[in-house]
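Handing you a structure now.
Going by the order they are written in, the chains are A, B, C, D, E, F, G and H; count residues from 1 in each one.
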Amino acid sequence: MNKPKMKSFTEPKTVTDYPLGATCPSDHITSINAGWRTYRPVIDQEKCVLCMRCFLVCPDGVIDKSSDRLEIDYDFCKGCGVCAYECKPKAIKMVKEAEFNG
Amino acid sequence: MNKPKMKSFTEPKTVTDYPLGATCPSDHITSINAGWRTYRPVIDQEKCVLCMRCFLVCPDGVIDKSSDRLEIDYDFCKGCGVCAYECKPKAIKMVKEAEFNG
Amino acid sequence: MMPKITAKNLTNDELFYGHKACGGCGESLAVRLAMKILGERTFASLPAGCMSAVSFIYPNMAFKTNAIITPFASTGAVAAGVAAGLKALGIENTYSVGFAGDGGTADIGLQALSGAIDRGDQIIYFCNDNEAYMNTGIQKSGLTPYGTRTTTSPAGENLPGSVTTKKNMFEIVAAHDIAYAATASVGYLEDYMMKVEKAKSVKGTSYIHILAPCPTGWGTPSEITISLAKEAVDCGLWYLAEYENGEFKLNKDPKAFTPVADYVKKQGRFKHLTETDIEHLETQRDKKWLKMRRDWNK
Amino acid sequence: MMPKITAKNLTNDELFYGHKACGGCGESLAVRLAMKILGERTFASLPAGCMSAVSFIYPNMAFKTNAIITPFASTGAVAAGVAAGLKALGIENTYSVGFAGDGGTADIGLQALSGAIDRGDQIIYFCNDNEAYMNTGIQKSGLTPYGTRTTTSPAGENLPGSVTTKKNMFEIVAAHDIAYAATASVGYLEDYMMKVEKAKSVKGTSYIHILAPCPTGWGTPSEITISLAKEAVDCGLWYLAEYENGEFKLNKDPKAFTPVADYVKKQGRFKHLTETDIEHLETQRDKKWLKMRRDWNK
Amino acid sequence: MIEVRWHGRGGQGSFTVARLLGLAASVYGGKYAQAFPSFGPERRGAPVLGFTRIDDVKIGDRSELDGCDYVVVLDETLWGNDVLSGLKDDSIVIINTKDETKYKSETSHCIIAIDATQLALDYLGIPITNTAMLGALVGASKIVDPAHCIDAIRASMAPKIAQKNVDLFNHVYGEVNSCE
Amino acid sequence: MIEVRWHGRGGQGSFTVARLLGLAASVYGGKYAQAFPSFGPERRGAPVLGFTRIDDVKIGDRSELDGCDYVVVLDETLWGNDVLSGLKDDSIVIINTKDETKYKSETSHCIIAIDATQLALDYLGIPITNTAMLGALVGASKIVDPAHCIDAIRASMAPKIAQKNVDLFNHVYGEVNSCE
Amino acid sequence: MARKFISGNDAVAEGVRLARPHVISAYPITPQTIVVERLSDFCEDGSLKAIYMHVESEHSALAAAMGVSSVGARAFTATSSQGLLYMAENLPYASGARMPIVMMNANRALATPWNIYGDQMDSMFLLNAGWIQVYVEDAQEALDMMIQSYKIAEDPRVMTPFMVNLDGFVLTHTYEVVDVPEQELVDAYLPPLKLAENMMSLEAPKSLCITAGNNFNMEFKIKQNEEMNASTAIIAEVDASFAEVFGRKYHGLLEAIACDDAEVILITTGSVAGTSRMIIEEYRNKGHKVGLIKLRYLRPFPTEALAKVLKDAKAVGVVDKNISFGYEGTIFTNVNSAILQSGLTPKVHNFICGLGGRDVTKENIREMFDALLSSAAGDSCEKIHYMNVRCAL
Amino acid sequence: MARKFISGNDAVAEGVRLARPHVISAYPITPQTIVVERLSDFCEDGSLKAIYMHVESEHSALAAAMGVSSVGARAFTATSSQGLLYMAENLPYASGARMPIVMMNANRALATPWNIYGDQMDSMFLLNAGWIQVYVEDAQEALDMMIQSYKIAEDPRVMTPFMVNLDGFVLTHTYEVVDVPEQELVDAYLPPLKLAENMMSLEAPKSLCITAGNNFNMEFKIKQNEEMNASTAIIAEVDASFAEVFGRKYHGLLEAIACDDAEVILITTGSVAGTSRMIIEEYRNKGHKVGLIKLRYLRPFPTEALAKVLKDAKAVGVVDKNISFGYEGTIFTNVNSAILQSGLTPKVHNFICGLGGRDVTKENIREMFDALLSSAAGDSCEKIHYMNVRCAL
């Protein structure tokens, strides 16, 4: 998986425990980009020819190509639609997010 | 004459009389560049062909061409020798200043 | 020749993840891909701007590598300092990299960049050009094109949006006789990645100027970011070029341009432009290409 | 065509007089002549540097016209503000002019200059280039040539003086597609005066970059200032050119160069240079001329 | 003093409506009002808040709202702790949804539900729901005169768009009931 | 405390010699010393001053000299009020001149005259008179040991030039009389 | 007069439009941006006949304004935080030159850490710059001060640049009701800038921003200080004449609220004054002898006015939205010096709050008054209180 | 150890060489230039193994130093006056990031009017920047403080940038005898910088100079303030350990001279302390109960140390080579706050002198003591005295 491991963040208990300087470890994502999406990209694995264009163009890098089929990290996908728009075989559909909420 | 009129400077008598802001009238020379020279340029009017090169090249602008012969403003001439060096007919001599002091 | 980097052989590892940029943000794609090519030993310096604003929100840090926000004017200087510090400490095989916006490069950061190039500092400098100050809400920068409506270059009865033309940053940088400079577009990603790869082995300063559409500031749907950036090149308002060993090279010299009107009309920031305005843009474009073709195609 | 300005028809009025520059100072000559051509309705902006330091020593003011010292980094911005203020007040037929040193132009003042050009502000900007920070005692600037000994680029066993080359300020300014830019030398004064005269009628920003030897900083006798500046051009280390209507032009293209060694050996700042160093300078020169001749002689 | 909190996403106009309410109450209604947004470094799509304060006297208070009388949720996907925080016992929650049942089950507060998205699509052709939600708030609460809201809408938009929004506002205003 | 003021022009080395004297007195002579220049925006050719203070104890004083014991004039064209200001009754003036008569007539202070320019030309081939004037000062005043001056000169110059300056210094030192 | 429901930034822009500057040079920065956006709109639509300069940085923004002012034209600029510090060199430059430039500063925290919200570290940083500094409480005062500021700055006795500070977001981005005066009234009140001794002109060419060596420099600085101190009178004068014309007054250097018999007094600036007004009422209603000072001007510093109001207070609290690291809040330091010199000996307390946009709650204000009351009653308590901290020290 | 007859600037350069920074980034400005000239010589001749960066401005000088420090290398820069203000934005930036950069500042007047001579307006401008500020009295102290400064700044408990101030010309350009310690001694005393939590490394990648919104920002700032205040202890500690190794001590935050039974005390900084030492002796010899404080550190401010020394003084004078226009001398303001909080009630007087390089004469110091003695004796006299003015007010 290309997604970084989520870090648990315990708020400093005292001012002294705050970081020295305006510092934080890198690779430190503590919360997901929850609910930014209106539409959700859904890959039709049948149609997908694994050209990897969607993987390349995703601004958020949420498409993972480590297995034999692409996977989207919906915790961080913003539903921008770039992947779908750029997919030549039209293997990605943007589906209204609400339908998944139900 | 191309030389600006010297201004008399009376020191402000009170702090209040100082200029408003870091200001001073322009065209405001109150003292000469006294004694900067070691050598003094002296024009041999006989040799001078009035080509005006010395007038052109003098960094201090102290050569005046308003009359029919050039005049040097020795109050501000620094004796740099540029005029003499650039005079083709060698009409300017740099003469040791001390000789004039005596 | 370097092996070509493609979508297929590009590493799956993400070094820039979880940022809070808008969906479809062109800049964030430019940074993401650059980081993938540069790798884990990269030290990234980002001035104030969208990319730093969305990536270092305590306690959420989107960079996997070392990274630092710099004062707005200081990308070139901080990156140069990082490079010098690493060198002095003997920490080798690292990249000191700057990622600045158009405002952070062509306006307030120009001097520090110029200083770094002049010293030949070992840094790679990216200008992520979305043609306005986006982080502060779409104000005109030195790289905002003629006719762009921004919040400080309003379009109305008296003005057509921005009345100045886009600063020629690439040529300005090249005039420094920099070791390597290139333009790029998120519409031509393989070209871009090739240029990043190239910059990695340059001795001295490199500069990569990438056009990166901003759906929010340009008034465009988020999904068209890539195709719009491609169209910018295809219609001739942007160009792909390199400066290397003291010489310019046009990487792409289209026989015919797609219509500027098509490009422009997709964008809210240009909605007010009249036919005449668009013709003006085309004339400017043609003049520029005439010179580029004459002078750079040696 | 403009009437040629010569020593004979040049006005006798001095607008810059009584300053405390060193004897034989090239910069002061450049300012003096520019002021004569620009005339009494000139508003001069001078940043920190020798020229301001020697001309505004309360209560001795060397300028006859309006003049202001600007913060070191701000020549372009203050001059632009003066121009805007005059315009807004409807005060016409005036010139807002900047006189900055090489450091004040190519280093700390570059950004403000770039901003003014970008806006097309109605100013004439002079870079008085004596190739180092002289007012503070001869430190290396971005316009200090390779191999120059300055107090911050010492020549010794390990270093040959400055190890970086002279920033191409003229080309950098031209890359902004400025309305008018030119190089000049106090060794070729009629050429210089013609360029100043030309700048007076330009619509938009003009830039004149004049090489002006500094006897103190260069370690030369004061009387050779003019001839040395001529020799700089004749040996090819400096050049006379213009940029106008988007095109470069070489004003002088010598068939043969005088020896660089002759030029260099007259100067204390280059005393340490070896034969090899001088050959290096010649190689650099030849490369530069090859490009200039190829690209600018259209 | 009446305090209203608006929940939406960057781009949905939740601060605009906070402002419209303040404008209606003050310039047109002769009262005093404050409207202010919450801001963050996150971008378009991220949750944002808007606030409106209304009072009969000049409002000196510059602190954040510590409780609020009305919460208006423009986007139901934002439902959660943030929406329910800082409510008083008699606070009213107004939410844009087709189906209120879920929400009613999760809180004891009075819930006013309205399918503003559908109505906005009907009236405006785009899913911008803020004037609809203003109608719902004012209809349910009567905290300002609807005529003043209409004045505010007209003063803030181009005439054609304004008219559509006024119609939408009126529709919702007329349809919504106050809390029983 | 002994205070010395040096008058010269930018470029004549008047501050260098102020420094040499301090170096001789302190590092080589075991005393305490201060040396500092006057500075102004004027350039090469303009009058400048140098100052040396010598004392047996650490010198805390950071104010300008308000009087001085010795004035050394490297360039006689600088003669005037500035040279004679701030002198005590027994202050001594040392001046580089071929002809002392003019100066003696204009002050009652003891004047020591020396044609340093000619001697410098003889010894060094250039008219840099500062080590000659150091010789004159030390010869006339004995405020430091001449051997320490020689040490200071050697420590501050390249060996060949240093030797010539030492010879010049010695010549002048030997020739000058103290004030009667 | 028009009533509008606008933000503090809008109010500033409206005020600037009414003041008719000739040139606006500014660089965008949150939370100031809206001011310059509005002004560029006004320049575009012609409702403000001014040149808008898109400068490439804040250093140039103020430098350009200096150029404008140097020829006797009216200049406006606006900035915040990092921008204010980036132009820091030019602030004493302009004040030494006595240029009557007006600047709006949106008070915002300083990096690092980065933060776009309001505190007052930025303008406190510039207290030594020789600029007049006023802090406003609401959008109306912001608008009105744009007019007053030019009137004061351009007074021949003052001739000093002027900084108007608005708390970031809390004032800049909050909409409220503002009365916008008629242009004619303002025109009559604020005539065009008159050419002064320190401005360039073709008639009497001047050299500006000159050098004054160690022989003369000190006198220039003393003059500047004396005249700045004397500007306190003109500030009061202008506030009074403004009230006559426009019907609103701000009490000059400071406003004292319920201080007459107050045993404890809280000193506030800017938006905190607004919140505190509510609490003072509440406490007075409960019978506590509490008072409130809204300190409007920090330079010139109102030493005497302060001493007069504080003379019977047993405990004085100073609210600081800033820290001078390694010491205490800057306003606290300044107030304490005035107190000591006045010979008063109240107990003094520093309440540090609102850093990086931290909310200053009504409860916080109550805590401050409670602390002061208990201090006045003789209890010893901390000198420095950090308010609304989310964890223990 | 070598005895040398060198200037204050030379001494700084020698001290820096001994401290072995990895990178020097600086921009020339009078009267600092000699420092960077010498350092470039040392880099050339190999006696200092450092990279010398010819930056294009002061803003970049400090920015580059931040880059250097961010990876755990030792950085040095130097500036003065306009240069210090041109980099102002970066000072709180570096201190918020807790980067242990050392800067030498040659105190010089601020334009306008332009003036290259010494006063302290420049560094007083930066008191809020979160940097430790020390003022030295002579060249020896300058050299020694280059070593102490890194020791203090890099202490894990401090981790704060450090500014060493020398009065322009009076110290920077005055030659005097200086003992230059052996490199080995310094190396043992000042080991290489250890990688800290706030530095980048390949082993533990860091994000630096991050954003902390209104939810967390205040706590970062409080931490910074608390730790800066606590650095007073480390300052004293380092001065003591330095004395053990090198045999010279400077008494930590301040030096009290003849204060024990003093009825009047004069507070000085930098070079004025030197001149005053002579006068104090003279007055003591005459039987006057006068004392002298050499205030070394202005940040962290030595509130307690000061209160202890001043506790029995009847009149206290503060010498300021600066004015905060529209108020008074900045050190005066700071000292007064400390006095008030300590519950002391001496009469206080401010002596403003030395602006733009105006000489501070021995007679001036006598005038100050005389004024204080008469004030202590009950005579009323001016609060603010301008010294050595060449004309009437």
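Everything that follows uses one rule, which is that a contact is a pair of C-beta atoms (placed from the backbone, for glycine too) under 8 Å apart; a residue touches a chain by one contact, two chains touch by 3 or more.
All figures in this text were calculated on a predicted structure; none of them were measured in a lab.
Via touching contacts only, the remaining chains, with chain B excluded and nothing moved, are held together as one piece. The greatest centre-to-centre gap from chain G, using C-alpha centroids, is found for F.
Rounded to whole angstrom, the centroid-to-centroid distance between chain B and chain G, based on C-alpha atoms, equals 51 Å. The distance from the centre of chain B to the centre of chain H, each centre being the mean of the chain's C-alpha atoms, comes to 46 Å. In this assembly, the C-alpha centroid of chain C lies 39 Å from the C-alpha centroid of chain G. Chain centres here are Cα means. That of chain A falls 76 Å from that of chain B.
Within chain H, contacts with two or more other chains are made by residues 54, 56-57, 59, 82, 86, 89, 93, 96-97, 111-114, 117, 205-213, 216, 219-220, 222, 226, 359, 389-391, 393.
Chain B has residues 12, 15-16, 21-22, 24-28, 33, 36-37, 78-79 in contact with two or more other chains.
Contact with two or more other chains is made by residues 20-23, 25, 52-53, 56-59, 61, 63-67, 69, 71, 73, 106-108, 110-111, 114-115, 118-119, 142, 164, 215 of chain D. On the chain B side of its complex with chain D, the touching residues are 2-4, 7, 9, 24-33, 36-37, 51-53, 55-62, 64-66, 76, 78-82, 84-86, 94. Within the complex formed with chain C, the residues of chain E that make contact are 41-46. Listing the residues of chain G that touch chain C in their complex gives 27-30, 33, 36-37, 40-41, 44-46, 52, 54, 56-57, 82, 86, 111-114. Only residues 59, 82, 85-86, 88-89, 92-93, 95-97, 109-115, 117, 121, 124-125, 127-130, 132, 209-222, 224-226, 228-229, 231, 299-301, 303, 322-328, 330, 332-334, 336-337, 339-341, 343, 345, 348, 352, 354-359, 383, 386, 388-391, 393 of chain H touch chain G when the two sit together in their complex. Taken in their complex, chain E has these residues touching chain G: 19, 22-23, 26-27, 32-37, 39, 41, 59-64, 66.
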